[in-house]
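Before we start, here is the structure in question, set down as structure tokens.
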Amino acid sequence: MSGDHHHEPGFIRKYVFSVDHKVIGVQYGVTALCFLFLGFSLMMLMRWQLAYPGEEMPFIGNIFGEDAMPGGVMLPEFYNSLGAMHGTIMIFLGVVPLLVGAFGNYVMPLQIGAPDMAFPKLNMASYWVYLLGGIVMLCSFFVPGGAANSGWTSYPPLSNIATTGQTWWLFGMVCLITSSLLGSVNFIVTIIQLRVEGLTMFRLPYFVWAQLITSFLLLLAFPPLEAAGVLQLMDRLAGTSFFMPEGLVVSGVVQTQMSGGGSPLLWQHLFWFLAHPEVYVLILPAMGIVAEIIANNTRKPLWGYRAMIYSTIFLGFMSFIVWAHHMFMTGMGTKISAFFATTTMIISIPSVVILTALVISLYQGAIRFTVPMLFALAFLPMFAIGGLTGLPLGLPASDIHLHDTYYVIGHFHYVVAPGTIFAIFAGIYHWYPKVTGRTLNNALGYMHFFLSFVFINMVFMPMFWQGMAGVSRRLYDQTVYAHGDAVQSLTIMSSWGAWMLGLAQIPFIINFFISAVAGKKVSNNPWDATTLEWLAPSPPPHGNFETVPVVYRGPYEYSVPGASEDFHPQHVTTEA
Amino acid sequence: MSAEVLPYTVKPHPVTGLYNGKFGIWLFLASEVMLFGALFSTYVFLRMGAPETGPTAWPTGEETHLNWMLGGLNTLILILSSVTMVLAWVQFKMDNFAKGRIYLIITAILAIAFVAIKFKFEYAHKFHMDIYPKTSVFFAIYYTMTGLHAIHIIGGVVVICYFIGPGAKLWEENREYYTNRIECTGLYWHFVDLVWIFLFPILYLL
Amino acid sequence: MNRSRIIGIATILVVGICLIAPSVALGQADAPIASGNQIDGDYGYGLPPMLSKDGQGVDDLIIILHWFMTALFVGWAIFFVYCLFRFRSRAGHKATYDPVKAKASKYAEIGVAAFEAFLLIGLSMPIWAATKNDMPSKDDATHVRVVAEQFQWNFHYPGADGKFGRTAPDMVDTVENPLGLDRSDPAATDDVYATELHLPVNKPVICDLTSKDVIHSFSLPVMRVKQDVIPGMRIPVWFTPVKEGRYEVACAQLCGNNHYSMRAEMVIEDDASFATWLKEVGIVEEFDEDELD
Amino acid sequence: MSDAHADVSKHVKTYIAVFATLATLTVITVWASTWHFSHPVAIAVALAIASVKATLVATIFMHLKWEKAGNIWFVIALTAVFFVFLVTIPSLVHSDKPMGTVFTSWG
Amino acid sequence: MKLSMFTLTAVLAINTFVFTPDQCLADGQNSITGKVIFKGDPANYKRTKINTTKDPNCKKAKKTIGSEKVIVNKKTDPMTLRNVVVSIKEGLGKKSFPVSKEELTIIQIGCQYKPHVLAGQAGQTLRILNGDNTNHNIHFLPKVNDEHNFTQPKKDTEKGKTIILKAEDPFKVKCDVHPWMNCFVAIFEHPFFDVTSKDGTFTLTGMPDGAYTIEAWHEAFGKVTAEVEVSGGKAANMDLTFEPKS
């Protein structure tokens, strides 16, 4: 970190092993979008088997090989691999790296006026460890027995006796967790230490707050899974019995090689200690993006900015003590379940507060229906559905019927797919001009939004009815059950929705690449926004700002009475 | 990115009173607490779940085959290395590079001694007695916890050796920066010591 | 304005595809049915039939919750859509800087919190306590041991003496003795092994759930019963069937490649036929060497 | 780090004293383990001594005694809270379970 | 393509005929023949009906199936045992023998494996077919070979899945979807093995002159061995006897 580097770095230093937060942000973004697309493709394959169980897949059925799809018919082991890897890739390789790695890395230092992240080399290391984890995960598809197929939750003993892919999964997860840890340390230090003069904590854009809380969640929730991953690796490679009780008989073979004495519940506790805060890692930065865009496009300060921040802090804290609501069905008594059901009900309150604040922010605004705004607006009802359907799952009694059914799938997909992923799209449309200096095409953008909005609902809405009917999740073929067969038409509808949703992404993909070279050139502040990132040139140079800005006011000073313009940037000296 | 461009790399932030590295290392230690916390949780969980009797009962005293003398010796070694680490920092702080470096070297030697005792006398002896991680959950958690701890020690040794050797160049360029980094290394090192202080009684004595 | 035209075209496109896609999808709905035995009850898009004496509470809670959720969402959505329309950007319209003094939202939030507290303490907790703590007396209940394995449900009836015989992992034979039942144990002589769950109607049932290998989940949708089967634990569940017929036992937790095939059938019948079945299923049918080739 | 050179050199004696205390406590904890207390008492004693030692390391060696930065205290407090949840709650499954549930092999 | 039970059985019968070791020519003309005699009370080893209600497709394919663990040929005199693998255990030294080019076949039909006990030579191709209208799972539980565990889609009657195995003592292959389904596979380095069937006899042919230890293995009764000496192209006759204790 020493010495002067005033000479121009070479291509590799500048664009590949770069320590510039913007390059790393773009690297994260592009890689994660690729993984997002891959994860989505896996799901589209699964949807064929779900809709038309045991039928030959048209067109592409024969390219997956005899071990996965003999004669074009998907085998259950491949289906389970797809399911497990869809979850893992979407969450750990797609959405989190996009929200934190890409948006956090690119936008957050700009929004606080910092020249870079506090530890640039650590930042670079974080990306490369993430990429390594991603490559390990991808390679696992090609090992004997295929990729991990015990679900993204990897419950032992099943995962302990699973094929080699599971070991790869664990190594991949250890890499990804390490990457997140490095990133979160960096984020917290950057936000606390590197804010420019005048940018007090309560003048920070809500997005930065969301990133701060998220980083704390990553920092404190991920290590237990790393430990659990090490324990499972020990179980798989060194023959220990952390998660295995004695006397198991697998396929008629008595498992005498292991000592026993462990418990499968231990994994579930350690896993969900991570995975519940993880849910908020998925949603908080998304809320941050949405809040930025809503304030910008309603031309009005956010309603209840402080209440939102307090709610976010509370949400972050509470998210650590609700984890066992995923485990109501594991033989839990009344006391622990009462505790966790209560905390679960409590944690819904701050979510309601944030959502209310965002919707009241629309009131008396002047809403511009730009493409990012449409995605941000769609986030609100979608997240509301996702949140509300969490209630029956959080109450132990109604969870008896709905646990591990499609209702759960519908619930959390409403939070992360039309919720978080729409927020990601909103963010891409919003900050694309900052990254490239050009805007995305509007017509393609509108097309992308409307098609995605309709079809994503067509995918997930039927799942609530399927869940009500009692259909278990992760079934290779639900028609073997009478109650599943009765709602098979919903599955087919869902599948068609998914494929159509896939087609709906084509305008976006075209837009994303063409506009980078041929999009309309825009000024530094095309959206007439107030936060600091719009002060920097588009794209920002190395070191971000020509002169270090000073901040004089809060983040969302729009439509200040008596001002000549309807926005009043944070760095402008003059009072309105 | 050069240190000069980023603020508070060396000098503490006027409001928070911290330079970036120190805050960073504390956050890192917080995550380490949770990492070992999960292992302690595992220990408590498995121990509370173990039956009173039978093959999966929790071993105590002689049944553990652990040598408390070696464990105790290692505790003393690690505590001593903590002292030398902090003394090294004191010397750097007082602009006394040569003395500080000697303390660092002592720290590294003590750490290597710790690892040597761990591997050469404890692990080797147990492997010799056919005691492996798969023998019972007690040994599973013993090997995992001490193994992970040993990896932390080795990592610390690598960092300390770096500051004894190639990293010492920084002293010429920026003394305060170097001292700060030694402080951060020290914080990590004391944390590793602190973990051992808990590992020793729960594994060897209880 | 150009933008409105784009929105118009997009809407037409969306509506068009929306109309086509579901009709294509629903047109193919008559997929082959794998299930062979006739399963009783009407299954459709709503909750499955409820055939347990104690399950009504779960249903009530789910229904109340959904009304509550619908009310909240519709109210919220009306305000949302109103805002979108009323405060759209247009010539002559400006945003107001000062925040609206909204008391309503605070009351709504408090209301939501209070109702959630009622749902939790008033409805959920009593039901949960009953499902977990009010085990019926073993004397007047049918007692069944359920042993789950990849990928089959094994049912173990204690027979006339009401005692389960000893089972041991090393006596397991996947074909003839999946339970590992030690027939030399006096308590085991009258034990019955079955792969179908037969139960007498209107009599409480206690199922002791255990697993031989991985985590399974014992799910009886029509009884509103679900309980994970954790290896290393024996967890009882109880319910009282009230209607005769043939129903399904499902596995609700991913338990391996063929998790989907882990299905069993549950037959609820009157006491007499249950007794007959219990006798008959115990009798081993025998075959000569050349039969069944 | 606001302490000046003089302050730092004063600490040296403290460090040595702390080392002596830690070494003594190590001996005591080993010695105490030979007293054959009943099990809960033995655990309590050993953990109490370990906590005292850990506190000494944290306050003196890790300079928490002289630490003024609120952020560090905040992080420590937060971590401590979650640490307690993480270590205690999973083990509660051994005591709170549905009626009739037992931990046993399936056979 | 529709394969009836009959044609499948016919194919099987031809297969077993083709695979008799006398087709695998080795450097001798000697042969060993004999019976595997069962001395015990067949009443203790009755075949029982297996409940297949779990998968309605199995019931459709074959109404009742019985266990195949112990099948005593009661009509022969003396009573003989079916499904016994008879092979040369010792006496061949380090000689190696050409591997038969013929394929071994296991067919899953009526939710049972046909044959129930299969013997083959190391390096021979084993083809696994599925004649049922339901998915099967094939789970190998060997000690030497790889633990194959895969699913086979329904009606996979032509291509199937092929596996080449190493020599190993008889090991179990089972279906996890239908836990009652199992069969045993024995793989040898040499071609001198046979599996007894309805008449309880076996024939090993083509071994060079020498003294051999013959081993018979049965899934319920384990192993018995006997010594035999052959020379000059003559057929040696020997019987092996299983005498279960109870």
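The letters A, B, C, D and E name the chains in turn, as written, and every chain counts its residues from 1.
Note that contacts are C-beta pairs under 8 Å (C-beta built on N, C-alpha and C of every residue); 3 or more make two chains touch, one makes a residue touch a chain.
All values reported here derive from a predicted model rather than from experimental measurement.
Chemist: With one step meaning two chains touch, work out the least steps from chain D to chain E.
Modeler: 2
Chemist: If I rank A-C and B-D by number of C-beta contact pairs, which comes first?
Modeler: A-C
Chemist: Could you say which chain's mean Cα position falls nearest to the mean Cα position of the entire protein shown?
Modeler: A
Chemist: So what's the Cα centroid distance for chain C and chain D, whole Å?
Modeler: Roughly 45 Å, centre to centre.
Chemist: Centre to centre, by mean C-alpha position, how many angstrom separate chain B and chain C?
Modeler: Measuring from centre to centre gives 49 Å for this pair.
Chemist: Just give me the whole-number Å value for how far the CA centre of chain A lies from that of chain E.
Modeler: Centres of chain A and chain E (C-alpha means) sit 54 Å apart.
Chemist: Where in chain D do residues touch at least two different other chains?
Modeler: Touching at least two other chains: 71, 78-79, 82, 86, 90, 97-98, 101, 103, 105-107.
Chemist: By the touch rule stated above, which residues of chain B touch at least two different other chains?
Modeler: Residues 16, 18, 23, 27, 30, 34, 37-38, 41, 45, 49 of chain B each touch two or more of the other chains.
Chemist: Taking each residue of chain E in turn, which ones touch at least two of the other chains?
Modeler: Answer for chain E, listing residues that touch two or more other chains: 135, 149, 151, 174, 176, 179, 182.
Chemist: Where do chains touch, given as pairs?
Modeler: All chain pairs meeting the touch criterion are A-B, A-C, A-D, A-E, B-D, C-D, C-E.
Chemist: Which chain E residues qualify as touching chain A in the complex?
Modeler: Within the complex, chain E touches chain A at residues 135, 139, 141, 146, 149-154, 156, 159, 161, 172, 174, 176, 179, 182.
Chemist: Which of the residues in chain B come into contact with chain D in the complex?
Modeler: Residue list for chain B touching chain D: 12, 16-18, 22-23, 26-27, 30, 33-34, 37-38, 40-41, 44-45, 48-49, 51, 68, 72, 75-76, 79-80, 82-83, 85-87, 90, 93-95, 180, 183, 186-187, 190-191, 193-194, 197-198, 200-202, 205-206.
Chemist: Residues of chain D touching chain C in their complex?
Modeler: 97-107
Chemist: Note which residues of chain D are touching chain B in the complex, please.
Modeler: 1-2, 5, 8-9, 11-12, 15-16, 18-19, 22-23, 26-27, 29-30, 33, 42-43, 46-47, 49-50, 53-54, 57-58, 61-62, 68-72, 75-76, 78-79, 82-83, 86-88, 90-91, 94, 103
Chemist: Across the complex, what residues on chain A touch chain D?
Modeler: It comes out as residues 192, 216, 220, 224, 245-249, 260, 263, 265-266, 269-270, 273, 320-321, 324, 330-336.
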